[in-house]
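Below: one structure in C-alpha cells.
For reference, chains read A, B, C and D in written order, and residue numbers begin at 1 within each chain.
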Amino acid sequence: MADIIATNETILVVGGGISGMTAALEAAEYGKQVILVEKEAGVGGRVSKLYKYFPKLCHPTCGQEINQRRIKMNPNVRLMTMTEVTEVSGEEGNYSVTLKTSPRYVNNNCTACGDCANAVEAEFDDEMNYGLGKRKGAYLPSRMSFPQQYVLDPRIIGTPDANAAKEACKYDAIDLDMQEESTSITVGAIVWATGWQPYDANKIQPYGYDRFDNVITSVEFERLMDPHGPTGGKLLRPSDGKEAKNIAFIQCAGSRDRNHLKHCSRICCMASLKQTTYVRERYGDDGKSTIYYIDIRAIDRIDNFFQNVKADETVTFIKSKVANIVENKENKNPVLRGVNTEGYDRYENEHDLVVLAVGMQPSVPAGDFPMNVVVNEHGFIEEDESNGGIFAAGCSADALDVNRAVQSATASALRAIQVVNRVAGTEG
Amino acid sequence: MSNLNQTMVEKYRNDFLNEVRANVEEGDWVNMCMQCGVCAGSCPLGPYWEHPPQEIFMMIRAGKREEVLTSTSMWMCTSCYNCIARCPRELPITHIMHGLAHYADRLGLAPKEQPTRKFANKFWDNLTKKGRVNELKLGLALYFMNGFMEGIKVAMANQKLGLNMIKTKRMNPMEIIGGHGVKDTSGLHAILKKAREIELAKAEEFKG
Amino acid sequence: MADEMKIGAYICKGCGIGERLDTAQMAQIATRDAKAAIAKEHEFLCNADGIKMIQDDIDNEGVNRVAIIGCSRRAKVEAFNFKDVAITRGNIREGVIWVRPDTDEARETTQDMADDYVRMAVIEAKFCKPPTPNEETAYNRHVLVVGGGVTGMTAAVEIAKAGYSATIVEKTGALGGAAAKSWKRIPQKSPYADPEDTGVADLIKFIEDSDKITVHLNSTLTKTSGAPGRFSADITAESGSTTTENFGAIVQASGYTEYDANQLPELGYGKSDNVVTQAELDAMALAADGGPIKTKDGKEVKSVAFVQCAGQRSDKEGHLNYCSGHCCSTSVKQAMYFKDQNPAIDTNVIYTDLRMPGAGGEDFYRSGQRKGVTFTKGCVTEVATGGSELEVKFKDLILNEDTSEKVDLVVLATGQVANSGLNIDEVGQDEPGEWKTNPESVLNLSYRQGKDIPQLTMGFNDSHFICFPYETRRTGIYTAGPVRRPMDMQQAMEDAVGAAMKAIQAVENAGKGRAAHPRAGDLSYPQFRREGCTQCKRCTVECPFGAIDEDEQRFPQFNEARCRRCGTCMGACPVRVISFENYSVDSVGQQIKNIDIPDEFEEKPRILALACENDAYPALDMAAMNRVEYSAFVRVVPVRCLGSVNLIWITDALNSGYDGAVLMGCKKGENYQCHFVKGSEMASVRMSKVDDTLQSLSLEPERVTTHEVAITDIERAPEIINEMAETIEKIGLSPFKF
Amino acid sequence: MATKEYSFYPGCSSQKGASGSNYQVSVDTMCDVLDIKLNDIPDWNCCSASIGYAGGGELPRLALSARNLALSEQANPDQDVVATCAACWLATRETKERLLDDDSLMNETNEALAAAGLKVEAKQDVRHMVEVLIEDFGYDGLAQHVKKPLEGIKIAGYVGCQTNRPFGIAGESFENPKYLDKLVETMGAEPVENYDKKVSCCGGALAFSEPEKSQALIKDIIESAYDGGAEMIVTPCPVCQMNVEVYQDQINAKYKTKFEMPVVYYSQLMSVAYGKGVQESGLNGQVIRAKKLEDIAGK
C-alpha cells in the first residue's frame, strides 16, 4: 500500500456502505482527495442485502450501480477494501491514521472469470444471505461486487483448496503469500460511516429465534425475496421449505426495550409495511400478513404508504408487544401469545412464519472506537465540538432510514470539506 | 365509605394518578407505561384479570379510581415476575400490583370476599405474630377463612393432603401450641410499627 | 491533441475468449471492415503489459481513439483508463462467450456476434471525440439562499464556513422564521431529556459577524435566470427597489406555513381563544418567558390537552394526507413547558401513533413521561367550547370507550404546508418576451418550463430518489428544510448542511464545465445545429431538467450548466440537430448500420437491443455472470437513457434489415426509477408512434417492443431477447435484407 | 475449617416439621459432602414471601428482610448471605438492591430498624444455594463427588419463577435457563430437552387461595413433563416443590388424570448421587415417593 498519497488536505471516509460511499463521492465530486476504507471485500454495505426500498419499492442495487460507476469514474477516490482503522491520533486538520488491511489473497490481475471458485471444494455460510445459504471458499461476494474481484476465505489458506484455486487461475491473480498490512496515513478530516448491524435476535428469548426454525429476522426475510437469495426469491420457510403464506411481523424486536436496545430504530415499521407488500407480490389475496406493533412510525409524507397497506384487507394490525412464542409441535408453526391492548383482547395466533423486525445496533461498540468521539448511551456518535475533524455519517450518528442516512452523509462531507479547506487556506 | 377513603378522595379530588404516586408502592412508575401489553400477555393468570396491568395503568391515568381500587385484578398476581422481566419500560409491575392491592385494602375498597385478599392478610398476621410463619395455623386459618362450616368442608377436602404432610413430617400437629418464632418479638413489632408510621408520613408529604 | 483521428482496436484473448473465438479474424475485421488504424490481440489485455501496449500506441503511434474488445464496459474500468482519448468497449465476454453455449453448433453464430461487436466498438470510436469542456463555463463562489429561517441561516453559515459567500433573501422583516417565534426547541443532544434553547440568536450573531454573508430582509426574488455558475437574481425590497446580483448556485429554504386551523371548527379553533395551534402555544410560552403560561384572558393554565394529527393523516377534504413528523415531539416539548414550570399542571397528549423515532426521540418520550406528561391513545372527535372549561371529546382506544376531558387549554398539532411556490404543472410560463413576475412564486425563474421547481408530491419539492435526496430537477438549485419534506428543526438544520454541500459542489462543477449527478464529471454537452432546427420545441418541453430555454426567435437556448447529459433532447429531436461529442445520433446510429446483416437465406435474424446503461445493461451483465444463455442474433447497444433513443435508430435498423428491436428502460409512472426522471416515459410515448413507421414499411408491429427492466431482472432481461427471437421465428425474417 | 462458609437464611418452610423440612435435610447432607459450613442468621424472621402485601405495606415488608440482613451483618460479617428458598432469596436480595438503589429508602429502613437497635448496610451479597453450587464449585467440582451416577433416570428441570426472575441464576435467560438440566447431567441423569413449562408459574401462594386456577397451571407443568418423557421433576424452590407434588391427587380427581410424578429438590438428587441414603437425602419426606432415587440410594 506504499502508493497511497494522503495529506492533511485529504479526507478519510470510514465505511463503504451507502453513507460512506455518498460522503466520499460528494467530497470527491467537489474536488477533494478522498480515501474510502471498507472492512468487507467490497462496497455496498447493509443496503446491498435488501430486496427493495420503501416507500418506492425500487431496488437498492440500482442506486448502488450509479454510486459504483461514480467511484470508477472518479480519480479523486481511493478505495481500500478489507481495511479497518486501528488507530487515530492528532487533531482537526492533521490526523495520523493507522490502517490494517487483511489479505484478500487475490490481486488486481483478477478478471472475475470464476475459474478459482470452480476449482475450490470447501463451502461456507454465505454472509450475503446472513448464513441462509452457502458459498465457495473462493468467491465473489455478490453479483454486484465492487471491486469486481474474487476473495479467498482465510479458512482455506493452507488447505489443498488454496493451491487448487491458485493453479486454476490463468492470470496469476492468486497470491497465497499475501499478509496483513499496516499503513499509516495523514488526513485532515475523517467521516465515520461504519453503519449498523441487526440486533442479535437470539437475545430476544421470548420469541425463540434460537429455538424455532420458523422465526426469522427482517433482514433474512429480505434475502428470501431476492432472486439471488437462498430460495431464489420464493417465500419458503426454514423448517420444511413450504411456502409461508400466513406471516406475522413483530415490531420493536429488540428496539424500544430496556432489555435490548432502548432506542427506536426508526426503519422497522416501514420495513415491515414494505414486507407485507412482498407477501402480496407473491400470493396476491391468498397471502396474509399480521403486524404486531406498539406505534406505527411511518413518518412524514410516507405515511400514505402506511395508509395504503392499511387499506389492504390481507394485512391486519394488532397493537401489542407479543408476550412470547411457542411452537406447535405437530406442524412447527409458531404460536404467538399476547394481548391486543386496543380494548383488551387476548390472542393465541398461529402463523406459518414469524419475521422479527430487528433493531439497529451501531456496528462499532461504544468502547471500541479507535479515536475519541462523544458517543451517547445508545452507541451513536453525537455531534460535538470536541470531536474535532471527525464527523459521523448515516447510522453511526443515529438510527436512520436510507434517505436520511444519505442526507447525513452529504452533510458530513461538507463538514469535512470545511476542515480541509481551512487547512488549504482556500476558504476565501 | 371508610374515613381514610373519604380523606383521600377529598385530598386528591380527581387526580388519581397523583394519589397512586403518593400512596402506592412504586406508584411513580405508572406513567412510564407505553401500552404495549406485554405484561398482560405474560401473566400466568392472565385470563382471570378483569383489567390487565397495562389497562389498569391506563385507567389510573384516566382517573377511574373506583373501578381500579375495587377490582379483583391486582389480587390475581402470583408474583411470578414474568411481567417485570419482559416489560420494555422497566416497570416493577408486580410491586405496583401488590401496592395497589394493599392500598385498596387499606381504604376498605378491596372486594371483601376476594380469597387472596383474605389469605394475604392471614399470612401477614400469622407471620408478624411471632416473626415466622406457622404453616399449620395458617393452613387452618385458610380453611376457615370463609366461615366455620365452609372451613370444615375445605378441611375435609384437604384431609388427605394434610395427612400426607404429617406422615412425611412436613407438617407438625404440635405447632398448634407454640410453634416456631423469633426470640425478639417485641423488637420485631417495634420495627414494623415504626416502618408503618414512616410510610404514612411520607404519603402525607407527597407533592406531585 | 492530434486533430487527425487514429483508432486503435485491442482485442483481449483472456477469460476464455481466445479459446472460444477467432480473435485473429476479429482483428482483421477491425482494420478491414471498420477501418481501425491498428488492431492488436493480447493474451491478457487488462494486465500491466496489455495496458502498456495500448499506452505506447497512444504515446508513440498517435492513437487517439481506443476500442477495447474484451469484457463489459462495467468491468476493469480502472485498468482501461487512458487520458485524453476516446474509449469504447466491445463486450465479447459478458456479451458473447458467457451467454453462449460452447458447442460446435453454436460456434459460428457466436463468432458472428463477436465480429459485430468489434465492428460496433470501432465505429463508435470513430464517432466519439474525447469531450472537452465548453467555453461558456462561469465560476462564481457566491450562493443565493432563499429564506432566512433556521434552515436558510444554517445553509448560509455552513457555506461561509466552507469559504464561500452567501446572500440571504428573507421576505419578512427578521431572520429566524418559525424558530424565532418559539420558546425552546426539541433537544438535539444526549440525554434528550429537556427542551433546548432554539439557537437562533447564535446563528444570527454568526451571520452579523460574518463578512461572507449579506442579508436582504423584507425582500423577494422577482426574477431568477441563468444557470449554475451564472445565476442572476433580481432581489426586490418592499419599497420596490431592486438589486440584481449574480450567483453560482441557489439554496431554496422557503420553509413552511402552519396549516390553517380555521379549517378545523370541530376542534373548536376560532370558537374559543383557548384552542390554539402549536405555533401559537410556543408564542405564548415565549411571552411567559419561563413563568406560568396564561390564557388570553390572563388565567394561569392548570390543565392542557394536546390533540395530535389535527387535520393531518386524513383524506378529509382540506386536510393534510400526510404526517408532519415533528408534531409528536413538539407536543412533548410543549407539555414540558408546563411541567417544568409547575409539575401540578395536568398535561395530556392524545395521539393515535406516537412518532418519536431514533435515539433522541424515544429518550425524549420517556423523559416526558417521567415528568408526568400523560399519553392517551385516542381519536379526538370534538372540542366543545360551550362551558367554562373546554371539553375534549375523544374515543379512548385502549379503554375502548367514548369519553371526554375538561381542560383550560387545547393545543392542536396542525401540520406543515410547504412554501414551494407555484405548481408549474398547473401554472405555465409566460411566453418569451412577455415576462411577468408572479408574487405567488418563490424563485420567479425565467426558465421556459416554469417559475418554480417542479413539485414531487403533496406540494413538497423533495427529490424522488431514496439514494439521492439532493437529486434536483433544476441543476444548481437545491431545496432544504420543510419545503422539501415535513421535518423538525434538527433535521432541517442537517438538511441545510447537505444542501450547502451540493450548492458549493455545483459552483465548482459549473466552473469546470462538469456535469452534476448522475453523470458527475461528464464534460460532454449538447451541441446544436441551429440552421437545421425547425423550432418544434420538443427538446425544450421534454428536457427533464428544464435546461433549455427559447430565445426571442423561438430557437432553443441550451444552458449547458443546467444540462445533465441524459440525451433526452437528442432523442426528441425529429431533425437530429442535437448531439454530444461522445454520444450522438451517429455514434449509436452508425454502430447499428455497420453490423453484418446476413441475407435471408442464411436464416440468421438480427435483433437490435437498446438497453439503459444503468439497469437493463447491468442486468444482462449479471445474467452473463450466472451464465444465462440468450439468442446469438441480438446486438445490444447501451444507451444513457431510453429517453435519448431517437426514432431514426429504429427506422434505420429496420431499413437495413434488422428483424426486430427491443428497448429496455427503467420503470416509469408514479414510482418511476429512471434517473433522468422522464426518459423511459418519453421513450414509450415516442415508440407508440413507431407503429406508423412499421406500417409504412409494411412490417408487423410485434417487431418492435418496449419493456421496463429493473437491474434485478437477471432472468427476465435475457427472456425478453429470446422472446423476440421466437417472435421472429414465428412471423419470419424481415424482407429488408440486401 | 470448612472450604466455604456462608451466612445462612433457612426460612420458615425449612424448619422442623415444616413443608420444606426434607429440603433442609438434603441441603445439610449435600453441604456436608461439599464441606460447606452454613452459619444460621441468629433469630432470623420471615421475609413475608411475596404474599404478605395485603397487610404489610412496602416499608414494613422491606424492614422484615432488612432485619435479617442486619442480623447477618452482626453475626456473620464478610460472609455471603445464602438462602435455599426462592422466596426468601428473592425478598432478601430485592431488599438489598432497593436499599442500595435508593438512599431515602435506606434511611427510612434504618430509622425503622433503630426501633430494635439495629442498623443495616446491605453490603453482603445475597445468593441462592444454586448460585453457590454453580459459581463457587462449578459443575466439574460438583461432579467430583458423584459416587452413584443417577443413570437411566429422565428428569424434567422445573425452574419455576422466583429463582429465575427477576434476577435469575448464572446469567441464564429467563425463558430457557439450563442450569438445572446441567446439574441433572452432572449427577449422571438425563435431562428433558426443551421442557416447555420449565419457567411457568405454579400459582405460588395462590395455590392456597385460588386452588382451581393454580391447579390448572400445575396440571400443565406435570403434563408437559410427562410429554417430555420425564420420570420425575426436580426443582430449586420449596413452593414449587410443594405445589407441584402435593396436589396431584386433587388434580387427578378433577381432571381424570393419573399423575404420580415425584417432585424432588436438586439437593436430593445430589445427596443420592453422592452416595447418601434415603433418610439423609430427605426422600422419606416425599408425598409421592421417588422410587428410582430410593433404589439407587438403597443400593
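As a convention for this text, a contact is a pair of C-beta atoms (placed from the backbone, for glycine too) under 8 Å apart; a residue touches a chain by one contact, two chains touch by 3 or more.
The shown structure was predicted, so the numbers you read here are calculated from the model rather than taken from an experiment.
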Query raised in the report: More contacting C-beta pairs: A-D or A-B?
Result: A-B
Report summary line: Centre-most chain by CA centroid is A
Query - Centroid spacing, where centroids are CA-atom means, of chain A and chain B in whole angstrom - result: 50
Report summary line: Note: chain D sits from chain A at a C-alpha centroid distance in Å of 46
Query - Intercentroid distance (Cα basis), chain D paired with chain B, Å - result: 23
Report task. For chain B and chain C, let me know how many angstrom lie between their CA-based centres, rounded off. Result -> 64
Query raised in the report: Which chain A residues touch at least two other chains?
Result: 206, 256, 319, 324, 341, 344
**Report entry** Two or more partner chains touched - positions in chain D
**Finding:** 174
Query raised in the report: Got the chain C residues that touch at least 2 other chains?
Result: 354, 377, 398-399
Requested in this report: Would you please name all pairs of chains that touch?
Outcome: A-B, A-C, A-D, B-C, B-D
Query raised in the report: How about chain C: which of its residues touch chain B in the complex?
Result: 343-344, 346, 348, 354, 365-366, 369-370, 372-377, 396, 398-399, 403
Requested in this report: Spell out the residues on chain D that touch chain B in their complex, using ranges where they run on.
Outcome: 12-13, 15-22, 43-46, 48-60, 62-64, 67, 108-109, 111-118, 161-162, 164-166, 174, 200-201, 203-206, 208-210, 213-214, 217, 242, 246-247, 249-250, 284-287
Query raised in the report: Inside the complex, what are the residues of chain A that reach chain B?
Result: 206, 252, 256-259, 294, 319-324, 337-341, 344, 346
**Report entry** chain B residues within the chain D interface of the complex
**Finding:** 25-26, 44-45, 48, 76, 78-82, 84-86, 94-95, 98-99, 101-102, 105-106, 110, 115-121, 123-125, 127-128, 131-133, 135, 139, 142, 157, 160-161, 164-165, 168-172, 174-175, 180, 182-184, 187-188, 190-196, 198-199, 202
Query raised in the report: Which residues, counting only chain A, touch chain D once they are in their complex?
Result: 205-206, 208, 211, 324, 326
